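Structures for review follow.
Shared between the two complexes below is chain A, which pairs with chain B and chain C, respectively.
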Partner chain A sequence: MRYCCPTSIEEAVAILNTDEDARCLAGGATLVAMLNAELLSPSTLVSLRAIADLDGIRHTDSGITIGAMTRHAVVANDQRLNNGLTVVRLAAQEIGHPAIRAVGTIGGAIAHADPSADYPTALLAANAEVEVIGSSGARTVPAGDFFQDYFTTALAHGEMITSIHLANADPGTVSSYFKVARSDGDFAITSMAFCGNFDGSTCTAARVAVGGCASTPLNVTAVDKMLIGAELGSDQVTMAAQALADACDPIDDVRGSADYRRLLVKRLLPRVLQRAIDQGSN
Partner chain B sequence: MKALDGIIGQSVPKLEARAKVTGTAVYTDDMFRPRMLTAALLGSPYPHARILSYDTAAALALPGVKTVLTAEDLPPNLIGHTFRDEPILARSKVRYMGEPVAAVAAESLDIARAALRLIEVEFEELPAVFEAEDAMAEGAPILHEDLGNYARVVESPFDGNVVAHIELETGNVDSVWEECDVVVENEYSIPAAQHLYMETCSALAEVDGTGKITVWSSTQQLFGTQMAVAQALGLPMSKVRCIAPSVGGGFGAKFITIEPITAALALKTRRPVKLVLSRDEDMISMRSRHAAKIRMKTGARKDGTLLARDTEIVYNGGAYADFSPVVLEAGMLLAAGPYRIPNARNVGRAVYTNRLRAGAMRGFGVMQPMFAGESQLDELADTLGIDRLDLRIKNAKQSGDKNMGSHYLPVCRVGDCLASIRAHPAFILAAADKGVLGKRRGIGISSVVQQSGLFSSSANIRLAEDGTLIVSTGYIDIGTGSDTSLAQVAAATLGVDIEAVNIVAPDTDGAVYDYGTAADRGAHGVSESVHRAALEVKERLIELTAEILECATADVELRPGGKLGLSGVPDIELSFADVAQRGLYVGGGPIIGQHAWYMQEQTIDPKHTRALGFRMGGGVFYGFAATAVHIEVDETTGQITVLEAWHAADLGRVLNPNGALGQLYGGVVQGISGALMEELVWDSGQLVNPTLMDYKIANSLDAPPEIHGILLENPDPDSPWGARGMAEPCIIGAAPAIANALADATGVRIRTLPLTPERVLMGLIAHED
Partner chain C sequence: MSKPQSITLHINDEDHDVRVQTQQTLLSVLRDQLYLTGTKLGCNQGVCGACTVLRDGVPTRACLTLAVDSTTFAITTIEGIVPADDLLPIQQAFIDAAAPQCGFCMSGMVLVAKSLLESNPHPTREEIREALSGNLCRCTGYTKIIEAIELMSTRSA
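Now for the complex of A and B:
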C-alpha cells in the first residue's frame, strides 16, 4: 500500500485520478478501523492532512462553510453554529468519545455514509450542501442527493469532498438533534434531527431527518409539509410521526429490531419538536 | 505493634500505577526477541463439522512462512480445567465456529495472515446445536462422543451433552408449599457476556539451547499455564517456564489461553514466536460468561418469613467443559441467596453446545441465580405488601449461620450491608424522588453472596543484604492492586516501609506456587501466606538478634522502620541489614520464611443437605454485599439511566481503602454494563457481534456520576487483619437492582437480561395495555 501526503487539493485530485484504487485518508477514525478489519485494501492512501485549505470553519455572508478536514471536536465547540444550525453542533457532540472527536473529520464521516452515524442525519435536516471536486472541476451536491445507499455516496471516481456549506437560515429558525443508542457514543439505533420554525407551539416550517432507519438518512417532504401548521401535541403531529415511521425501511440488527426503530421514529418526533422550541426560547 | 502495622488500612498508591499511566509498563505485546516470528490462527468456518483432510502445501510455500501446524502435527493430548476434553487445535472435528484449526508462524503478521488464506481444510458439516435446552433433547447432535473417556478432575454425573449435573436439597421443599401463604414462580434468562479485558490474549514463546521453553503471556494463572503447555506438548514441567509480565485485566477468562499453541510453534520452528489475538479473534475464540435459563419458585409466610425456594438452572457451557462443572457448583451452592431458607432445592445442569466455550467470569456461577433470586424477592415483597428492604433484612443470614451443605459462616453482615444503604443520606433522598411523567424514577436494591478463595497458595520471603524483603508468591496482579496489598501485608508484619518490599514478578522458575488470580484469593489465602512467611522471617530475625545481643529471644523487640532492639533499652538497636549480613557472612545463613496454604475445605454434611454430583464442597469464605441504584426511565424510548448507585461490602477489614473502592467502582460499573447492554449474539453458530462496535460495554458516561462505596469492617477470624476479598460480589447485584428499580419506577418487571431500551419500551407498552 502506497501512502502519499499532497499539499494541495489539485495534487490530491491528480493522484485520485491516476490511481484507480486510491482512497482519501482524512482523520482515519473509520478508514483505519476498516483497514485493520481487512474490509478494505486500497492501493494508495491519499492523506489530506497537509492540505490547509480543507481545515477549519469559515463564516461567510451566505452562511458557514466547514472544511472537510475539520475535526468533530472543533464543530462540537463552535458556538457560531446556533439557531437553525445548532443541530450540526449537537450531532458533532454525540459522535463517539473525546478521543474519536479529536481525530475524526466531517468529510471522512460523511464520505463513509453510515446511515446510523450522526452527521448525515443532521446535515440532511440542515439542508447542507456538500462541495466536491474532481478532475472536471468542482460541484455542489445537496445532502439529500449525496447519501445514496448504505456506505455509498454521490462522489464519482476521482472526486473528493472539500467542504460542507450551511446556508444562513431564515431568522428565528430553530433546530434539535436526538439520538437513541445502546451506550454513550455508540452509533444510533435511531436518531432524529429537526430544523424549522415555530409560531408559539405551531410549526411554520419543518425539515425532519431520521437516522438508522433506512439505507440513507431519510427526509420525507410529505411529512415536512404535514407539520406546517401543526401544533405540538396535536393529532397532526401524531399523523406526521406515523407517516414518517411508515416511510422508514429499517433492518433488524444487534442494536435493535426494525419494529423498535419504527416505534422510536413515531415517539421521537414530538420530542425533537419540543427541544427545538425550547432551544428557541433559551 | 500498632506502629508496626500502621500501613494496613492506608491508601497506598498502586505500586505499578505510575508505570502504567506513563506507558512504561511492559505487556506481552510490547516484548520482542531476536529472530522472533509472528503467529496467526485459522478459525473453523463451521460450528460443528468433521475434519476430513488438510492441505497446507500452498501456505508453507509462501515466502516467509516458517511452519503451518494442524492437529496432525501435535501430540494427541487434551487439556482442560475440569475435564481434559480440549485439543489445542481442533482434532478430527470442530465444535464451534472460529475454533482454531491450524496455526501459522511467519516472518510477519501480514505473511502469517496471507498464509491462513492458502490453507485448505476439507470439512463434512454436522448438525449443530446452540441452545442448552435443545442440546439436552433426545436425538440432539452429540458434541463429545468420547465424554466418558476423558480424564476428569471434577466428578459429576454426565450424559449426552450434559457436562455436569448437580442436585442439592436442604429440608424438604415439596412438603412446605402448602404452608406458604404466598408462592412466586417465574423464569429468568441471562445471556452470554464477555470479559472485555483491555489487553487481548497474547503469548510469546521461546526455546533455549537445552530445549526448555519460556512462555511470557497475558495470564491470570501461572502454574496452570505451565501444566497445560507441558501436557499439551507431552513435555515434563521441568522443560516449561511461564512468566507473566504486566497483564491488562482478566476477569476470569485468562486461565490457559493461547500459550500451548504458541509454545508448539516455537518448538517446531526453534525460533521465538509471538501470538497476539485481535479483538474479534479474542471475542470469537476465547471465553464467555455462561448464558443461563432459570426457573425459580419461592414461598413465604404472610409475615415475610421465607420457607422454601426451588431453583432449576441450565447453563450453556459451549463447546468445551472448561470451568463449567465448577461454575455449576458455585451456582448450586448459592442459588438460595444470602437468606435463611429452611427448605431449598437447587438442580442444575451445564450443557455442551456448538458455541464459544463458557468459562470463569467475575461473579462466577452466581451472577445468574442472584438475578433470578433478587428479582423474585421483590416480586414476593410486592405480593405480600412488605417493604423490600425489610423482607431482606428479616431473612438475612447472620454470623454463625450455616449455608447450604452445612457450611459454617463465621462472619455475615449482609443485613448490615442493607441497613447501611437504607441509612445513607443520599439514598433517603433518592428513594423519595419518583421523577416526572415520562421520566419516572425508582430505586432498586439487591443483596448477594459469593463463595470465594480456592485451592493452594504459598509465599517465600527472603531478607536481602540491605534488610529489604524479596516476596515471592506466584500470584499475578492483573490490575486488582494485589501486589500493593500483599506488599502492605509483608511491610506491616515486619514493620518496614513499603519501599523496602520487592514483590517478585510471577515466574514459574522462581516463584512458589499459587493457583491463580481468581475467587478473591489475593486478600485471603495469598495474604495469609505472605503474613505467615513474614512471621517466620521475624522469628529468624529475633533468634539471630538474640545471638548478637547475647540476650534471650523474649527480650528482643521489633521496632518500626526495619529495626530490632533490646526491650526497654532504646539505645541498643540493630537494623535488618545488620542482622541479614550477620546471617550471611558470620553465621546462621540467609533469613528466609515461607508458608504453604490450602483452603479449609468445607464438605457437604449429608444430614443437612442431600447432594448429587457435588464434589468440591467449596472453599474458605463467603462474601456478602448489597447494591442499590436510583434510575430514570425514559418512557418515550425505553432507555434506563443509572443516576446513582450504592454498594456496601462486608469485607472483613480494609487493607487499602482506595484499592477496595477501585474494585468496588469497577465491579458496579461492569455489573451495570452487563445489566443494560451486554449480550453475545449468535446466528446459526456465528457470533454476529465480535467487535466493540457491535458489542457495547458501559463507558465513563454510562456510569452513574456517583457510586457510594460503603466498606463494612468486621474482621474475619481466618485471615490476617481479618481481610476478605471483595471484588466479586460487587459485580453481581447491579443487574437485579436495576430490574427492581425499573419495576419500582414503572411497574414493569423484566426477567430477561440485558435490559435494553427496546425490551424496556416493549414492556412499558405491554404494561399500559
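Now for the complex of A and C:
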C-alpha cells in the first residue's frame, strides 16, 4: 500500500485519476478502522491532511461553506451554525465522543455514507450541497442525490469531496436534531433532523430527514407538505408521522428491529418539531 | 506487502526513526517497535479508548492513526507524562480514590483526565463524564474514576 500526502487539491485529484484503487484518507476514524478489520486494502492512500484549502468553515454571501477536512469538534462548536443551520452543529455534537470528534472530518463521514451516521441526515434536512472535484472539473451535488445506497455516494471514479455548502435559510427558520442510540455516541437506531418555520406552534415550512431507517437518509416531500399548516399535537402531525414511518424501509440489526425503528419514527417527529420550536423561542 | 518506509515520529519529546508499512497504526509502532507498551491494544476499532495517546495535547486513538500520517505531530504516551520513579498528582488521586482495578484502561483514563484538567481545572461531573465517554472500563463502573478526577480538582484548588 502506497502513501501520498499531496499539498494541493489538483495534485490529489491527479493521483486519484492515475490509480483506480486509490482512496482518500481524511481523519481516519472510519477508514483506519476498516483497514484494521481487513475490510479494505486500497493500493494507495492519499492523505488530505496537508491540503490547507480543504480545512475550515467559511462565511460567504450565499451561506456557510464547510471544508471537507473540517473536524467534527470544530463544526460542533461553531456558533455561526445557528437558526436553520443549528441542525448541522447539533449533529456534529452527537458523533462518537471527544477523541473521535477531534480527528473525524465531515468529508470523510459523508464519503462513508452510513445511513445511521449523524451528518447525512442533518445535511439532507438542511438541503446542503456537496461540492466535489474530479479530472473534468468541479460539480455540486445536492445532499438528496449524493447519498445513493448503503455506503454508496454519487462520487464518480477519481472524484473527491472538497466542501459542503449550506445556503442561508429564510429568516425565522429553525432546525433541530434528535437521535436515539443504544448509548451516547453510538450510531443511530433512528435519528431525525428538521429544518422549517413556525407561526406559534403551527408549522409553515418543513423539511424532515430520517436516519437509520433505509439505505440512505430519507426525505419524503409528501410528508413535508402534510406538515404545512399542522399544529403541534394535532392529528395532522400524527398522520404525517405515520406516512413517514410507512415510507421507511428499515432493517433488523443489532441496534434494533425494523418495527422498533418505525415506532421511533412516529415518536420522534413530534419531538423534533418541539425541539425546533424551543430553539426558536430561546 | 509493500516496502516499508522510513519516517521520524516525535514521541515523548524524542525523535524516533522507524520503518513502517503504510497500513501500520501508530499503536502498532508504539507497542511492537518502540516497546512503549503502556498504550494498550483493546478493540483496534476506536471504540474502547485503551490506546489513547495525546496528539499535540489532544486525546486521540492510536489505533485509528496511521504512523505514516503522524510525522507532523507531537505524540505523548503514558510513559511520556510519568516522572521516573514517581507518580503524577493525577495518578496519586486515582490511587487514593481506588479508581484502578484491573488497570487495562488506566493509561487512557489518566491521559484523558490530565488533558481535561489542564484545560478545565475544576470540571463539573457532567464535563468529566463527557470527557471520559470514549473510554471503556469493564471493572469499576466508572464512579471511582469520576471521583478520582473530582479529588484531583479539589486538590488543585
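What we mean here is this: the second predicted complex is superposed on the first by the 282 of 282 C-alpha atoms of A that agree within 3 Å, B and C clash if a C-alpha of one lies under 4 Å from a C-alpha of the other, contacts with A are read in each partner's own complex, and residues count from 1 in each chain.
As a working rule, a contact is a pair of C-beta atoms (placed from the backbone, for glycine too) under 8 Å apart; a residue touches a chain by one contact, two chains touch by 3 or more.
In this text the structure is predicted, and so the values were computed from the model without any measurement.
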- Using the overlay on chain A, decide if chain B and chain C clash or can fit next to each other. clash
- A:Leu25 contacts which: chain B (first), chain C (second), both, neither? second
- Message: Let me test your reading of the model: by the given contact rule, A:Ala52 touches which partner, first (chain B), second (chain C), both or neither?
- Response: neither
- Query: Of the two partner chains, chain B (first) and chain C (second), which one does A:His97 touch, if any: first, second, both, or neither?
  - Reply: both
- Message: One more residue to check, A:Met1. First (chain B), second (chain C), both or neither?
- Response: second
- Message: With both complexes overlaid on chain A, does A:Asp184 touch chain B (first), chain C (second), both or neither?
- Response: both
- Item | First, second, both or neither for A:Ala138, with chain B first and chain C second | neither
- Query: Which partner does A:Leu268 contact after superposing on A: first (chain B), second (chain C), both, neither?
  - Reply: first
- Item | chain B versus chain C as contact partner of A:Gly256, first or second or both or neither | first
- Note on the structure: The clashing stretch of chain B against chain C, among 22-30, 130-138, 382-390 or 526-534, is 22-30
- Message: Output the chain A positions appearing in both contact lists, the one against chain B and the one against chain C.
- Response: 33, 36-37, 97, 184-185
- Message: Please output the residues of chain C touching chain A within their complex, sorted ascending.
- Response: 2, 5, 21-23, 25, 44-46, 49, 52, 55, 58-61, 63-66, 68-69, 72, 112, 130-131, 133-134
- Would you pull the chain A residues touching chain B in the complex into a rising list? 33, 36-38, 97, 180, 182-187, 189, 254, 256-257, 260, 263-264, 267-268, 271
- Complex contacts: residues of chain B adjacent to chain A: 113, 278, 280, 636-637, 639, 676-677, 681, 688-689, 691, 693-699, 701-702, 756-758, 761-762, 765
- Note on the structure: Note: in the complex, chain A contacts chain C through residues 1-3, 5, 25, 28-29, 32-33, 35-37, 41, 45, 47, 49, 96-100, 102-103, 184-185
